[in-house]
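Accompanying notes for the structure given below.
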Amino acid sequence: MPQFIAQHLPILQVIVPLIAAPFCALISVRNGAWWLAFVTSLVTFAISVLLFAATFDGEIISYHLGGWAPPIGIEYRVDMLNAFVLTIVSGTGVLTLLYARASVAHEVDAKQHGLFYTAFVLCLTGLLGVTITGDAFNVFVFLEISSLATYAIVASGAKTDRRALTAAYNYLIMGTIGATFFVIGLGLLYMITGTLNMADLAQRLLEHGDSRTLRMGYAFILVGLGLKLAMFPLHQWLPNAYTYAPSAVSAFLSATATKVAIYVLLRFLFSVFGFSIPFEADILFLVVLPLALAGSLIGAYIATYQDNLKRLLAYSSISQIGAMLIGVSMLSASGLMAAIIHLFNHAVTKASLYMVAGAYAKEAGTVSIRELRGVGRDMPFTTAAFVVGGMSLIGIPLTVGFISKWYLVEAALMRGWWPVVIVIVVSSLIALIYVGKFIEAAYMHPAPQGIIRREAPLTMLIPMWIFAGLSLFFGINSSLTSEAAARAAQGLVAASSLIWQ
Amino acid sequence: MHHHLILRVVAKLLLPFILLYALYVQWHGDYGPGGGFQAGVIFAVGFVLYALVYGVDELTRILPRPVLITGMIAGVILYAGTGLVGLFQGLTFLDYNGLAADSRHGQEWGILLVELGVGITVASSMTAIFVAFATREPDIDDEDW
Amino acid sequence: MTNLVMPSLVYFAAACLAPLIPHARLRAVLLLGVPVLAAATFFSATYGTSHILPLFDTHLKIFRLDALSYVFALVFSLAAFLSLLYAAHIRDRLEQVSTLIYAGSAIGAVFAGDLVTLFVFWEGTAIASVFLIWSRRTEGSYATGLRYITAQIASGLLLLIGIVLFYHDTGSVAFERMTLDSTATWCIFIAFGIKCAFPLLHNWLQDSYPAATLTGTVTLSAFTTKLAVYALARGFAGTEYLIYIGAVMTLFPVFFAAIENNLRRVLSYSLNNQLGFMVVGVGIGTPLALDGTVAHAFAHVIYKSLLFMSVGAVLYRTGTDKASELGGLWKSMPLTMVLCIVGAMSISAFPLFSGFIAKSLIVSASEPYLWVWFALMIASVGVLEHAGIKIPFSMFFGHRSAADAPKVEEAPLHMIIAMSFAAGLCIAIGVWPENLYAILPYPVDYVPYTTAHVVTQLQLLFFAILAFALLMRFGLYPLEYRSINLEFDWLYRRFLPRLVSRLAMRVTHAWRSLAGRTTAIATRILSYSPPANSASTGTMVLWIAILLGIVLCLAYL
Amino acid sequence: MTNYITRSVLIVLGLICIGLAAVDLYVARHSSLGFDSIPFFYCVLGFIAYAALIFMAKALRRVISRPENYYGLQAIDSESEAKHD
């Protein structure tokens, strides 16, 4: 690898898709936009993998934009945690784009394809930027880039269902409020410290000690990010957005958008605030933990009532996000590790499940569970992928879901939190119900009369099964993911001032 | 199209000044209040005023959709391209020192170009959003309300 | 790592490939090779062979071959072969695949050298087996299947919790003998207990086995419960509680079986009673008792399959398995009758049949526990009553003469072959017990055929039959009529649902009136109307405000 | 005809039982229990246990017997029988 590229990997990670995005809109050749987007995502994935490899043994890469050293200039900072999330995001990008070709052709008007892929790549850019940057304000900027692009691609589902427009509009309102809260919080922190570089912020906040302003800043950032990551009860934008967006978009967003928001939350909680004052930890116990527990139960419970498969998956996501937040609220290295590994595992699982839903939407013309009766016979490979993903959602051994649950339960036991263990178990039991409900409909019932359904095309099956395969592979051999998650968690704990560990 | 004579005349008179002011904000952005964002919006305001008075069709005649899209894209590319120059000179991204022989001049050039990119993108985006709303076919015809 | 192929993998591979064979007959024939092939992989392997798989930060022993696992794996292979042979007329791919996965999981679980592997296969048996019930494809079987899978998954979850705790306590997941001294081992114990149908945890068995397809019941009867007995024998041998649990298990099903109308449910009660003998053996835990448990499990799998097969054959021909609707079939199904009686004599422990040489070991071992011994004797009489007499009598003789009985054909050839094979094994084991004794975990120096033993056993059995004959003669023997009997499951099938629905109704009522009043007041005061769409931006923003408010309040505290 | 068969079966059974009881007088038992060496112990046990069991079961049935459709029409016991393949 040429020295030049190696040196500039962090900026290339963001700049490659940023530059490619506008060209997607320019290309008028048939499928040209898709090709460009796909090649771009491949390049970004390659870059993330290189970054992942470079940081795997604990090295931290720091890149100074414009040659201005931090804390004055903007710094891109890659450690194990970022690199892990970057890989998830860009990897999902590659596979969803591969999938999108057939799916989007079905769900989005042909003349909008150029703009659709532009927005898609911009969204990718934003998510990668949020993850890679070490500058707090830069996080906000990229968050907005990704969010604005997201509103557009969610709205592009309007061809099949006009409700996509309302969903996108609600998402826009909520996303904007979330981002505003986040930036208000940042402003308060800037008032105290006069700096925006995260490492510098952490240092100065530690020196500053407790104050009302700091508490306000913490509150605004927590609630703002809680909205972005769909923490219960701030999740209400999510079900509609994921239901009415084109399936490729649902798959991409469910695997990346909320995960990146959780990453930002982790980064701010541990690296910036660092629990230097008891208030920060108290809020986590008093507010976030109960909400996470409630979310993981209620999300799953609501999911059992859904007939729309995509909406079912959306509520399941809310439940799983609750599980991640439970891991975060434990404030221990093992809990964090459980949250981080679940972040990856859930991304893989949910992406495959949404791809399955998309395949149904394309081939069966519906995602209603009632109308999908007997689909297991007509679309065996697609439905089998759902079974794999569903097992992972429940947490059956040999799937990644089990690995997550295992670490989560173990972390809760280490803390001696029995009720939490029960909640985790109960929410998996409820997951059994909603997954079982679909599997039962797909396999045990005869198909409705006069319906012709064919198996999905290979370009959809391959990415779907790559994700399903990953959720099996890492369910059997989890050494890579658990090692990466453990190192990322240790990095975060080391950066914070958690003293009771 | 011959109503509002006064409005039409005043608008035509004002337009050059609005655009000139936008340019002023644009070029002074690097060492005074202003910059690409603000300038872009003021630029767009000029076009919006034009469309309000003379009709959207008139605006789309002088600024067709492809031009607006190209404007947005060109702005982004100008911005990112300026940043990339530093990269290819062996510096980091957005490092303008190499843009001129003197690093001070280099920084000035860099800011100017980047702000120009921002300005173009913002101006064309704002105009495009206005056009998109204004030319939207209503779901229900006016007579059917 | 040796080059031994895991037997369970043979089943799983077959389960993947089998549906691809288009021709039903060919598929059925090829499937018969699967148990043989799988058994061949471990049949002549040396004890002590094991496979290690690294996972997490520990090592899993996914395969362990010793005397105990060998016997169980052998009999499971036999049972799988018999079930597949008996089900050769089946075209339903779902049922075939689930049979294969079920058998494979059971064998995999028997070979599991650690708790995690055990758990995986444990759940495998649960999930695969429920499809044998659902394959009947009626609403009733679906509901029953749900109850069944709930019990099975509950067992799996308890096992999982136990394993996590156990790992937490000891840092090891090896599956060795445990003592009941911590929450972890209690969880594991109860998990095993659910699958073993301990008293009050037993209902899933009698509820679900009669609900499966007629071939599915044969398969179900062989694996799940015997897997639990294996797990108890491996993990909790010598635990004293088990003796008393087992004694109760042998006794109470006897009464229910005597008055049950559904013959497959009678056999399910009988199965529960037989498990009681094995549990007593595990609880006593001496080498003799453990040998007895293993031998009894071995013999039991075969004769219980035989009995289920004969009831299945009758069900196949007549369309019913209810005693009140049957009778007088001896003329139309003579072969089935003979084979059924062989099974009945085996389970009743007539000398020269397999039950005799297996049960005697446990009964002899229980002599130090007087009351337990007594319970076992009474239970033996009970076994004779419901499995030895009632099953063959009500199907082939009973209250109808041959002239009244429906004219049906003899059972199909493959069923006859499967039953004859099982019957042959029953007799062979009974006549030549030393072959079975040779593969038991501990050396056996027990001689079943002493004059005294044979005579006392015959006295017990024949006087009981005499009692039956006299009761019958004087019309005191309970006649069967169409009915069901309440059981412990009444609690969760009738009582709790009613209770909950009543409570829910009350709560809803109270809530409605409260909410109605509050809304009325709120509307009047604030002229506030609740948003029509629950997910409107207004509601969402309200939530944000509430949440931010709470956090800020906490900040000011 | 049927009566004849029934009667002869009863007679044969009675003869077998008498024979077995007679053998009891000649067989020495060496079990560790002791009390089972009482003459005719197993004969009496078998007979009484069986009779007691039947009567107790009949009493139990009075309490727990219910019509087949007790759990509704969609339970296994009340479904039609013809569903088997």
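Going by the order they are written in, the chains are A, B, C and D; count residues from 1 in each one.
Simple rule for what comes next: a residue touches a chain if its C-beta (ideal position, glycine included) is under 8 Å from a C-beta of that chain, and two chains touch if they have at least 3 such contacts.
In this text, all values refer to a predicted model and were calculated from it rather than measured experimentally.
A.B. asks: Could you find the two chains linked by the most C-beta contact pairs?
C.D. replies: C-D
A.B. asks: Taking the mean of the CA coordinates per chain, how far is chain A from chain B in Å?
C.D. replies: A distance of 34 Å separates the two centres.
A.B. asks: What whole-Å value do you get for the distance between chain A and chain D if each is reduced to the mean of its CA atoms?
C.D. replies: Centre separation, chain A to chain D: 67 Å.
A.B. asks: Can you give the whole-Å distance between the Cα centres of chain B and chain D?
C.D. replies: Spacing between the chain centres: roughly 99 Å.
A.B. asks: Measuring from the mean C-alpha position of chain B to the mean C-alpha position of chain C, what distance in angstrom results?
C.D. replies: 76
A.B. asks: Can you list the chain C residues in contact with two or more other chains?
C.D. replies: Counting only residues that touch two or more other chains, chain C contributes 137.
A.B. asks: Note the residues in chain A that touch 2 or more other chains, in rising order.
C.D. replies: none
A.B. asks: If each protein chain is taken as a node and each touching pair as an edge, is the resulting graph a line, ring, star, complete or other?
C.D. replies: Contact pattern: an open line, chains touching in sequence.
A.B. asks: Taking the top-of-page definition of touch, could you list the pairs of chains it picks out?
C.D. replies: The complete list of chain pairs in contact reads A-B, A-C, C-D.
A.B. asks: What does chain C use to touch chain D in their complex?
C.D. replies: 90, 92, 136-141, 143-144, 210-211, 213-214, 254-256, 258-259, 262, 315-316, 319-320, 322, 367-368, 370, 373, 377-378, 381-382, 384-385, 401, 451-452, 455-469, 471, 473, 476-478, 482-487, 493-494
A.B. asks: Flag every residue of chain C that touches chain A in the complex, lowest number first.
C.D. replies: 55-56, 94, 116, 119-120, 123, 134, 137, 142, 153, 157, 161, 164-165, 168, 534-537, 539-541, 543-544, 547-548, 550-552, 554-556
A.B. asks: Please name which positions on chain A make contact with chain B in the complex.
C.D. replies: The contact residues of chain A facing chain B are 4, 8, 11, 15, 18-19, 21-23, 25-26, 63-67.
A.B. asks: Write out the stretch or stretches of chain A touching chain C in their complex.
C.D. replies: My answer: residues 170, 173-174, 177, 181, 212, 215-216, 218-220, 222-223, 226-227, 233-234, 236-237, 239-240, 279, 282-283, 286-287, 396-398, 406, 409-410, 413-414, 421, 425, 429, 432, 443-444, 476-478, 482.
A.B. asks: Which bits of chain B are touching chain A when the two form their complex?
C.D. replies: Its residues touching chain A are 69-70, 72-73, 76-77, 80-81, 83-84, 86-87, 90-97.
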